[in-house]
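Look for chain A in each of the two complexes below; its partner is chain B in the first and chain C in the second.
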Partner chain A sequence: MNAAVGKFRPGDRVRVRMEDRPGHIRTPFYIRGKTDGVKKMHGQFLNPESLAYGRDGLPKRPLYLIGFYQVEVWENYKVSKSDKLYVDIYEHWLELA
Partner chain B sequence: MGNDHLGKGEQEHEHPKHELSQHAKRIYAIRELLLEKGVLKEEEIQRQIDYMEARSPANGARLVARAWADPRFKARLLADPRAACAEMGIDATSINEFVVLENTEKVRHLVVCTLCSCYPRPILGRPPDWYKSFNYRKRAVVDPRGVMREFGMELPDSVEVRVHDSTADIRYLVLPLRPAGTDGMSEEELARLVTRDSMIGVVDPLQEIPEGNR
Partner chain C sequence: MPRGHHDLGGTPGGGPIERAEHQLEDWEILADAVNQALGAKGIRRTDELRRIREEMDADVYRSMSYYERWIASAENILIEKKILTREEIDRKVAEYEKRWGNP
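Then we have the complex of A and B:
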């Protein structure tokens, strides 16, 4: 199997799209519109938005591990400035910041 | 539904009446229909039950204990968790993508699924009700230290907390930090320190083997 290739590389700054669309979406609301760093790419996976409706989920989409500083996600995060929040997001929900 | 399944010696007990919930009644009715219509066979259902029952936190505890005892196994576990599981006779093939998060003196991880209740079932069995609750799913991302505090773990600011929201195919397992003063312990003893909750990350593992378990 070829090494999976995606649009983004570790270290890229990306923004999670501020969008809303109907259907089964695995991008949490709390992270939409936020910007931060791509940590790594997990690989290519079937699209859950299509699988949820009984479709085949193809073509596979790159899935990324995105890391955020908690203080940048939540207005009232008072504790440790180094605390982090990691979310697994599909490529079509990300754009370069 | 009586006590016909009990042995002779247990008949003096008055068992409380077990009233099935609406959901349970529906599930049993569907099961009966599927069996009646030949869609499923009894043996298939039982095999699936056996498979699910075989998955328990004991699997995770064995993995962690070996990782603590053997640095080379730990390296293999971090690099390829499914292969490391297979080495120990644990079937993790149903996990699409498996990632192990190593806790250290400086970093603690916490795993949640805010969207539903994704959980590494082959390693930990069924998730506890609190893990599936809205309460946990909301608060784990916003206030992980508050959640940990409720489980009895207070962390100083110098320790970094990393929350992983398993929103997709990846299933996360926390590799807890080995407690101090456990150098002489065997793998079996080490496994007894590893609680399910420590592999979710809400709390550190036990510091010593509990009373009555030695």
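Then we have the complex of A and C:
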């Protein structure tokens, strides 16, 4: 994989876009607007938002694994402050925090 | 646009997760087989079926079981792509019900 692909690098702090628009969206509602660190990039994949309507899914989009602290995601999370939740998010749903 | 009826993560009142293994019914295995065949023939992509389930009426979606949703979305993609009509599907279902009885 080309190391130069993708806007973000492991350790970058990113915010998930707080968007709510019609269409097929793979970014779960509960994680929108949340901020945390990039763990790694999985690679580039056909865009499901385009595939969902019978289109070709191009251009491919970088997909990242992002680790969020559970206490930042859930208001009443009381198990352990170090617990993390990992979510796969496409690049066009992220911005540098 | 409100949160989609399929996007339930973190909503309260969902109850505990059912972790017990259960045997699939024959019709559920068939639903899977038809779904796989439609994929192998290049008729549908997983993302299209997800989108169709998300476009369903919320109450209808909630009233269906997992594989009922699969069947409904397979029907809808076949109609959307003009491979079958609703009338053709309904006619065939009526034929089977006559032969095998209403489930």
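General observations
One rule holds in what follows: the second predicted complex is superposed on the first by the 93 of 97 C-alpha atoms of A that agree within 3 Å, B and C clash if a C-alpha of one lies under 4 Å from a C-alpha of the other, contacts with A are read in each partner's own complex, and residues count from 1 in each chain.
Going forward, a contact is a pair of C-beta atoms (placed from the backbone, for glycine too) under 8 Å apart; a residue touches a chain by one contact, two chains touch by 3 or more.
No experiment lies behind these values; they were computed from the predicted model shown.
By the document's definition of touching, of the two partners only chain B reaches A:83; chain C does not.
After overlaying the two complexes on the shared chain, residue contacts for A:51 are found with chain C alone; chain B is out of touch. Looking at the shared chain after the overlay, A:30 reaches both chain B and chain C.
Using the contact criterion defined above for the overlaid structures, shared-chain residue A:22 touches chain C, although it does not reach chain B. Contacts of A:74 after superposition: both chain B and chain C are touched. Residue overlap on chain A between the chain B contacts of one complex and the chain C contacts of the other covers 28, 30, 48, 74.
By the touch criterion given at the top, residues 20-25, 28-31, 48, 51-54, 73-74 of chain A touch chain C in their complex. Residues of chain C touching chain A in their complex: 1, 3-4, 7, 9-10, 45, 47-48, 50-51, 54, 81. By the touch rule above, chain A contacts chain B in their complex via residues 26-28, 30, 42-43, 45, 48, 63, 65, 70, 74, 77, 79-80, 82-90. Across the complex, chain B meets chain A through its residues 96-97, 114-115, 141-142, 144-145, 157, 159-170.
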